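A short worksheet on the structure shown next.
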Amino acid sequence: MKAFVMKEIGRVGVMDKPVPRPGPGDAVVRTTRALICTSDSHTVSGGIGPREDLTLGHEAVGVVHEVGSEVRHFRPGDRVLVGAITPDWGDPASQNGHPSQSGGPLGGWKFANVKDGVFAEYFHVNEADANMAKIPDDVSDDAAVYCADMLSTGFMGAEHGNIPIGGTVAVLAQGPVGLMGTAGARLRGAGMVIGVESVPSRQKLAQRYGADEIVDFTKEDVVERILELTDGAGVDTAIEALGADATFQTCVKITKPGGTISITGYFGEGEFVRIPRVEWGVGMADKTIATGLCPGGRVRMERLLRLLEARRIDPTHMTSHEFPFDEIERAFEVMDKKLEDVVKPLIVF
Amino acid sequence: MKAFVMKEIGRVGVMDKPVPRPGPGDAVVRTTRALICTSDSHTVSGGIGPREDLTLGHEAVGVVHEVGSEVRHFRPGDRVLVGAITPDWGDPASQNGHPSQSGGPLGGWKFANVKDGVFAEYFHVNEADANMAKIPDDVSDDAAVYCADMLSTGFMGAEHGNIPIGGTVAVLAQGPVGLMGTAGARLRGAGMVIGVESVPSRQKLAQRYGADEIVDFTKEDVVERILELTDGAGVDTAIEALGADATFQTCVKITKPGGTISITGYFGEGEFVRIPRVEWGVGMADKTIATGLCPGGRVRMERLLRLLEARRIDPTHMTSHEFPFDEIERAFEVMDKKLEDVVKPLIVF
Amino acid sequence: MKAFVMKEIGRVGVMDKPVPRPGPGDAVVRTTRALICTSDSHTVSGGIGPREDLTLGHEAVGVVHEVGSEVRHFRPGDRVLVGAITPDWGDPASQNGHPSQSGGPLGGWKFANVKDGVFAEYFHVNEADANMAKIPDDVSDDAAVYCADMLSTGFMGAEHGNIPIGGTVAVLAQGPVGLMGTAGARLRGAGMVIGVESVPSRQKLAQRYGADEIVDFTKEDVVERILELTDGAGVDTAIEALGADATFQTCVKITKPGGTISITGYFGEGEFVRIPRVEWGVGMADKTIATGLCPGGRVRMERLLRLLEARRIDPTHMTSHEFPFDEIERAFEVMDKKLEDVVKPLIVF
Amino acid sequence: MKAFVMKEIGRVGVMDKPVPRPGPGDAVVRTTRALICTSDSHTVSGGIGPREDLTLGHEAVGVVHEVGSEVRHFRPGDRVLVGAITPDWGDPASQNGHPSQSGGPLGGWKFANVKDGVFAEYFHVNEADANMAKIPDDVSDDAAVYCADMLSTGFMGAEHGNIPIGGTVAVLAQGPVGLMGTAGARLRGAGMVIGVESVPSRQKLAQRYGADEIVDFTKEDVVERILELTDGAGVDTAIEALGADATFQTCVKITKPGGTISITGYFGEGEFVRIPRVEWGVGMADKTIATGLCPGGRVRMERLLRLLEARRIDPTHMTSHEFPFDEIERAFEVMDKKLEDVVKPLIVF
């Protein structure tokens, strides 16, 4: 089968690989749709260290091709969604309520990390009964594929943010995860959602997904403006969706005492991420900093699919580009270099 | 001033009373809008014991008439919303996170209980800085008045229900509190909201406020139908909004292991409310039964008003009737006897 | 091998059975110590329906005899503790945070329910890596065996009870689970622990495990006395450890508004468990009723063993009787009929 | 009356001031015991900006001297404890569950900050009914005075740390707050408490208050040693009790994915507090950073006093020095310069 791989740091390409075979509890899925993620670029540029001929990609849906002997809930032919994170559910971290950390920090992240990813004609799923979900008939693959990571991560930002009904929320950066943070804040009942973003097309998407106010950091002081919008109080919840030291600092500054800074971004640079001491209340202002990695698993995926089925949200507005699988190298370049106002490139198999 | 009072158990009427005066931390409000609540009927029929010439009503908005010497946040002329529950914020129960229980069980409930209520030309507010909220310019009195009790209580049902994003919720009975339970479930991100109701006009309102499915208990078996809608799993959260033993039992039966039964109803009858032992998992199925009394206070009210300001919800669809204050006796009769498909009668001062 | 079985409802005996064999993720353990539980009696008397030649028992420790091909954490010869509840960790209920409910209500309970229990020379453990824990060298089998159910269930009562540091707790009935509820309340930092019990030997044990006050329901009115001890306020947390309608009602009555009633008992009788309506605050006093089934799993067991290793608690004071395995029929009779002031009979293999 | 004041930055002294008078809801207390806190030194050295003739001190007990007209719970002659933090209970932050932040960040901190403190023969208490607690007869003033700040802050570190029963905890620095963090970890049921400290007398106190292991950062690598003690897993909870960038970084490194870093220290220096990016899991390891300011209020104080009454803990071992009030200048010097192995100097009035 064809697979789009990272050959080594800085170099990608398509190569032939054998179709994977499932162990007793596993499944092999024939890919139908996939999405390229900024973290694929991080990986190729060496973010998680060297890899050799590793198949990239972690956001995909498809059709079950083969299941292991102990799989009971799925059979070949089922349309399925697979979470980007596929935990070991018996692991101590999972038992402790943190399945994304099973097997070590970020250990639930297996695709395109410790095993081949989903940018191939077929891919392998561990603990299939626990890590896949059937896609309802009236949910398209084009929409369902967004649940694997974008909805799950973005909504997590809202969930960890402990948003009260009617509360105030700022979401810093409106890339795809930030957009879903915005949508997630609305889904949790926020009374005011402020999207921070400078790119006009993303500002528009932010409004579509529920931002009541847009703050453009190229045109105004973000801290000042958000304090103004909240009558000087600051927000109940700030969602960081960029993974940058500067944005993080802003989050600490705009959050009210007793509020929560909820991190969804991958922090890729620097030895430190810096907390502004005074605005943090010198460690005494009851401001909580929460972090997390995209929740995976069948239950999570079923709940996200239910939201699509019930028309609560349509993630396909984020699909800025569409490519057939044999043009994935071009698609990767578009995402990698952030060309053509790209938001998410969809790969059709 | 004119006040609509409970003269004794079973007898109401209008009488003259002096305009109240505020203590140092209090305010007096000139009433502009009020709503009649089913619990006013409960009170008149003796639900909380005998009372003599007690002004009825606990849902109102108005204009500040006079404030005490220590009130800092409000001044005469401010348009204000007052929560139906006006806690003592320094009380041990409040410090413990349960202000509605300040001063004893249900002790935050003062209006038309331990002091005169709001069905009068003026009413008195204790701890005014903490118990009133300014109404934003673009929110009408007709809408704001619903925050005092209906939104606060109904949403509490959803909040106590611990609804996961994409989770399943059933709301039993679609009176005004149940309708706001339905809306609250949507505001918390439920993926499926099932409204149980038999009255066609209320079924329609339920759909308007967010019910995905309607179950009519006069036409089908509620437990069976809800299990069917949830693929046999039961709901994550059942909100009880009637206050009846039978409805409560249904809630226990339709909630999945690990789920929550959230009570918003006032249980007015019988020595016991009965838990069906087997469906409760013989006390071992991780089913939690949560209860509560309408949250009050400035912060709560400001958050609810923010939802109105942001057009998240329009409660005025529940206004089935409108009466001038001098027809309040007729309004009370309509509500008391549930005439003319009444949902909520609005009183205009 | 020899196994002590329930032959049919009301009849027990010893029989020969083949030594079980592990599936790929399973283990087989050679039993060294086991405890008899009141729920074994419930089962024999028909509490969970008919069974034929089902090996009884769910509390045991032993030595690993054989492991399946996929087991990575354990090997033959390891001294291990196995939780009474052995969940399927990938199941939806487990993913949802309720592993004891995996596979359906109470579905994590497999031993002596849906498969053979531990009163045999060898027993089988599903998902061995996730459901067993190594016993530290300086913890005896005699102590470790109490973690399987008694500590886990009793402590759960305290954990679900949401006890504030310095809070007040009542534990109703001081059988072995209640005694561990008492110890658990102390471990969570309760400032006053009230044990309700009439049997003198259990009263003494309650004091040993941390009860500050003993209330004897045969000599005083429990509600009155507990209100007196708490200056009329009621307790923050009431732990029900008997599984009886009357005790449950008392719990509701003695818990303050905003407090929690935490259930650890198995309710074996009656169509209903009855909530006293008025003392429940007519469904509005913020009193929460929490339930649960003994938590299992490697992480839970490791934490409980750590408490033994650190000498936080010595559960062996509960061992009122000791029998060799070939006298288990007599041991069962002692427990079944509550003879000789029995608390827990230990079975030595 | 005599008062020990900060005359200006860097200069202290005793001066005469009039005895304060209570407003309607306030009380005036005649001081009997007080403790000097490191933060008094911070204040004098300019930590919170310039002050003129401000009475210092926030930890005290005494006897009620006079109460305002609206005070109902206390009367002259009552022995009382007053929390170091005296919130405005009706403030929005208090309603939102964060009374220590009432009136703005750290706004509940009034003594020796925005009003005169307790190092005087008499001091003033706002919202007396809500901010004072009666001292039980069998609790000495010498012990009770520790509840005002040391127990409340140290225990908060444990409470915010979300410690599971049997979990692992490290407490970094064993000053008085750290010692109470250690004691608090034990009170919450930790299975292993590791105290990090190099001063021998404090190491001994740490063991007395519940540390199972002592790690001396002058003799071993703290991160390495704590990972070793936890079999490579890291701790469930790290309590920072120094307020230093380096200690904070260690906390992040030793906490397991899914664990909590709980801050009790006052961070007095630098523009930033720095999170080590990689050990923080690049913002994705589910590590939560919680902060807070000493909880105050009658309910909190009553619960802490209950722990003293029940002999759960004896804080007087921390009293390393005792001075009469007329030697407070010397006492302050001892604390300020950390002379003579000082832990806490007690002032006797």
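Here the chain labels run A, B, C and D in written order, and each chain numbers its own residues starting at 1.
One rule holds in what follows: a residue touches a chain if its C-beta (ideal position, glycine included) is under 8 Å from a C-beta of that chain, and two chains touch if they have at least 3 such contacts.
The shown structure was predicted, so the numbers you read here are calculated from the model rather than taken from an experiment.
Here the chain-to-chain distance from subunit B to subunit D, counted in touching steps, is 1. A count of C-beta contacts for the chain pairs B-C and A-C puts B-C on top. Remark: subunit A and subunit C have CA centroids separated by 41 Å (rounded to whole angstrom).
Across the assembly, subunit C contributes 92, 96-97, 164, 302 as residues in contact with two or more other chains.
Of all the residues in subunit A, the ones that touch subunit B in their complex are 155, 158-159, 164-168, 184, 187-189, 191-192, 212, 302-307, 309-310, 312. Contact residues on subunit A toward subunit C in their complex (touch as defined above): 24, 70, 89-92, 94-97, 99, 127, 129-131, 297-300, 302. Residues of subunit A touching subunit D in their complex: 92-93, 96-98, 100-101, 104-106, 164, 233, 240, 243, 256-258, 263, 265-277, 280-293.
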